[in-house]
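Two complexes are shown next, each including chain A; its partner changes from chain B in the first to chain C in the second.
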Partner chain A sequence: MFRAVLYTQWKWTRPVILLAVLVAGYIPVNALRSMSYKSAGTYYIPSLYQSITSASVNYQLLALAVAVVVAISAWQADGQRQHVYALSLPVPRWQFVLLRFAAGAALLGVVAVAVGLFGGVAAAIAPLPAMLHAYPAGLAVRFWLGTLIPFALIFALLASNPRRVKLVVAGVATIVVVDMLLAMVGTTDKPLLVGWFLDGLYAGNGPLAAFLSKWMLIDV
Partner chain B sequence: MSDAIALKHVDFRPAKEFAIRDLNMTVPTGAIYGFLGPNGSGKTTTIKLLLGMQEADEGLIEVLGHQIPQGAPQALARIGYVPEKVHLYSSLTVGEMMDHHRAFFATWNPTRAQELRRQFNLRSEQKIERLSKGEAGKLMMLLALATQPDLLVLDEPTDGLDPVVRRDVLAALVEYVSTRNATVLVSSHLVHEQERICDWVGVMDDGALVAELPMNTFRSGIKRLRVSGAPPVLPAAPFTLLGRTPTAGAEEEWGVRGWQPDMAAWLNAQGATLREVIDLDLEESFVELLSTARSGGTA
Partner chain C sequence: MCERRLLLAVVLAGVFAGVSPLAGQSVVPAGTSDSALAQRAAKLRERARLLDDSLKALRAASADSGLTVVVEAEGLRVRTTTTLRPDATAALGVALADARPLLGAQLDSLSRHMTLTLREQRSTMRLRFSSLIGRTGVPTESYIASATLDGAMDALPLPSVGLHYPLDRAELAATLVMQFERAAAQRVPPALSSWLNKRLPLRAEHRKEDAELFRMLATSNAAVVRRCVAGDRDACRTGFALDSMPTDRVASWYETSDLPALAGIAGDASQRGELYRAFGADGQAQCTVQRQLDVCRRMVALLPLEAFQVPMPVVARLSLARTALEMGGPAALERLRSSDTTSIGAQLAAAAGASSEALLERWMKRVIGARPSSPLPNAVFVLASLAVIAVCLGWAMRGQPWK
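And now, the complex of A and B:
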């Protein structure tokens, strides 16, 4: 069953996955190419740091983009037909949802593996200063976990029935508008609830906190 | 004989303007049950309820011995379902769709699937999004039959198909049923098509089942009588009076169910005269039933 579900999702997302694999290869190559050498044949440290930091942002953007597309693709075909085919299959709904999620996670894993492989190759070719080390495997794991968070959020929303999705979206939109209006007429300098919500997502152990930290291929 | 499908006192309101009300329905095992009703009468909603795709507000639903929706996965493993609209993944090819379906059904018969594919003139590499309506209908029937189901649920399976494709689909259905003691629930508003293949019939209108009876009874049991001189109020009749419509002079037309020739004596006893007994074909019987149900009469 998993193989069948994986195949359908692969078919729906393969152009995006293949493009993401290419970009995963391009990011470290571009980062290392744009660094400048010192005379001893190693990289100039400030230039190296700048390149690796910008590559970190590119990895995060890639993770976010590929996660969103894979999540939307996972339910698009079912959604167009009101999930009739999926509901007529002899598996409990939770199991089918799990199969779709696992298939999406596996496809995101392909991109994560590409991130690790290309990062590893690029770091092996580059003459790094002695104090710096490459962490391609760590970056790949971080990339994969980083993709799973937005993937899971959008996946869960789209897996619900359309009426529930509309309710959630309308509810969130109402809260945001009311919050912004209160901030405009009140004493606070920023919307309270939105600020609190974003803090919850990004700060400390928030689910999206990983996107604020740096995804470094090369570090001390 | 046990029942393949049993719905008891089922209530369901999917929208403000439509509801299934106190639905009682029984499909005997081995029957080919024609589920008749005009568009929007609740046939598809009832089918979705019995497949566990929607959950009833009240009542009991049992399919192949499994309570729905709790036992829906177990029941669905033994059901071949052809929905009203094409529900397949359009970006897949015919062969890929067959492989996908096969992965979920342990009873899938690959030999039979290939036979049906050839019989229906479908090619494995054809993309589903490029299939004609008829070809898509045949593919859905193929998927349903290749799982060798104990129960086939077909929702308007031939609606919009040309006569040749319709013949192919019905031939495959009849062939399958004749080789296995499968139960078939076939929903349609094409009355004549049902007459050819069904041995039971249920008539749905405005969310309620207005009649459920063997096809023979349905076919022969409803008559139109031309009667004159009947009093406005009648005592209990030995047949079911579906409706009375005044015509010219003192004559009336009566729609009746359960009519027997010797019942003319009862009419004479009421001071009425039987002028003519008109046999109705299935479509006329169906219309008579519906108009009676809509006017609040006894169907």
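And now, the complex of A and C:
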């Protein structure tokens, strides 16, 4: 059953996954190509470090983009057919959802493996200065976890009751509007709830905190 | 029209000449002697000075209005307002407790010579959020918008520090410690004070800061700094300029590959201007962008010796000095003050009560030991992520999208 679900989702997302793998290969090459490959001595460490820091943002954007597309693809066909096919399958709903999620996570894992593999190859070809080291495996794990979180959020939103989704979206929109109105009439200095919401997502151990830290292929 | 303008200009010139201090000359009766004129000018100057002083006094009195409270702890007095008193009292206690272990008896002496003032900064304008044009200013009743901490050490002013209001007591305590650091730096030999950027580090450093310091040093512009954190103790000595400044600073501190960056950042504004005049934008780009090392060498050769400062960043120098103070204990500052040596290394060694080699070894062990580990996500982050994923999955499994 899993193989069938995986194959179906692979068919739906194949172009995006392949493109993501290509981008995963391009990012480290782009980050390292401005450096001289003649010898380690000709590297200019601060600019190399800056280049790798910029590449970390590209990895994050790639992770976010591929997670969103894979999550939407997982439910798009079912949504168009009113979930009739999914309901006719001889498996409980929860098991089917689990299979879909596992298939999506596996596909994201393919991109994460590509990130680690291409990063490792690029770092091996480029003669790194003594103080810097490549961490392709660490980057791949971080990338995979980083993709799974937005994937899970969107996946859950699309798999739940549309009425409940509408309620959640309407509730959030109302809170945002009220918060901004309070700030505009001077009751509060600035929109507080939006700030708290974003802090909750990104600060400390929030679900999207991974996107604020650097995803460094090469570090000290 | 032109004649009218000319007439207006003449009239205005006459009016302004009438109020000008020089105007007195035009109404001086004929036959007045030079000495009388000089006396009159001196009187006018004296009067202007008195008016200026009065204005300054009035401004100071206005700024000091409301400073009716004096918070005192261990001999240190902080003038402040009634509103800020609780924060000042709490933060002063914390700051003194932080500074005492390193300053020892010197803290009492510093306290006697220091004066601190925590002022309210009031405003009658409040910024209001607007989704269309960002923020707009709205007139309002006077309220405390922020606070400032001013200080002086033996009547020499310390830089003023602005603080957000409502005050964060931890931030205020840290600011007080920073003022202690600046005051204490006035008591160390001038060369060392300058080396430390006029601060004697009293604040405890955390392991996370050491890790960031390691990262900064390992990716530094200067080869000697990178060699230092790679474990080369001689490189650390040179990079800190502990013994003396090298004669050929470029050769001692930098490698050939560092020259493009060095040529791009070394020197002050006027020295950079000289470089620009000599090489032009394209010439400079040949070094900094195209990395033509012979152009870089010529650019660097054009800069004077002073353009190349001690390559170890100030943060690292403060960290080394802090290590010396920790090793030396409460008497470290006293030993540092009484040290009659000229080299930075010997002064810090005197403070540490150990050899400069032992001091360097301890600092290197600490910083190198704080090297950041692999960028693999930590366990807390992994668990938090998995928890979020599990919640989302549970939500999805209970969903009935066909309804």
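Everything below uses one rule, namely that the second predicted complex is superposed on the first by the 209 of 220 C-alpha atoms of A that agree within 3 Å, B and C clash if a C-alpha of one lies under 4 Å from a C-alpha of the other, contacts with A are read in each partner's own complex, and residues count from 1 in each chain.
The working rule: contacts are C-beta pairs under 8 Å (C-beta built on N, C-alpha and C of every residue); 3 or more make two chains touch, one makes a residue touch a chain.
Just so you know, these numbers come straight off a predicted model, no measurement behind them.
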| item | value |
| --- | --- |
| Fit or clash between chain C and chain B when superposed on chain A | fit |
| First (chain B), second (chain C), both or neither touched by A:4 | first |
| First, second, both or neither for A:139, with chain B first and chain C second | second |
| Which of chain B and chain C A:15 touches, first, second, both or neither | neither |
| First, second, both or neither for A:89, with chain B first and chain C second | first |
| First (chain B), second (chain C), both or neither touched by A:47 | second |
| Chain B, chain C and vertex chain A (Cα centres) - angle in steps of 10° | 150 |
| Which partner reaches more residues of chain A (counting touched residues only), chain B or chain C | C |
| Touched partner set for A:81, first chain B, second chain C, both or neither | first |
| Least C-alpha distance (whole Å) that remains between chain C and chain B when both complexes are overlaid | 7 |
| Chain B and chain C contact sites that coincide on chain A, given as residue numbers | 87 |
| Residues of chain A touching chain C in the complex | 36, 41-47, 49, 75, 78-79, 82-83, 87, 93-94, 97-98, 101, 129-132, 135, 137-139, 141-142, 145, 148-149, 152-153, 155-156, 158-164, 180, 183-184, 186, 188-191, 205-207, 209-210, 214-216, 219-220 |
| Residues of chain C defined as touching chain A within the complex | 126-131, 138, 214-215, 218-221, 226, 229-230, 255-258, 260-261, 291, 371-372, 374-377, 380-382, 384-385, 388-389, 392-393, 395-403 |
| In the complex, chain B residues that touch chain A | 51-53, 73-77, 79, 81, 83, 85-92, 96, 99-100, 102-105 |
| In the complex, chain A residues that touch chain B | 1, 3-4, 7-8, 11-12, 77, 80-81, 84-85, 87-92 |
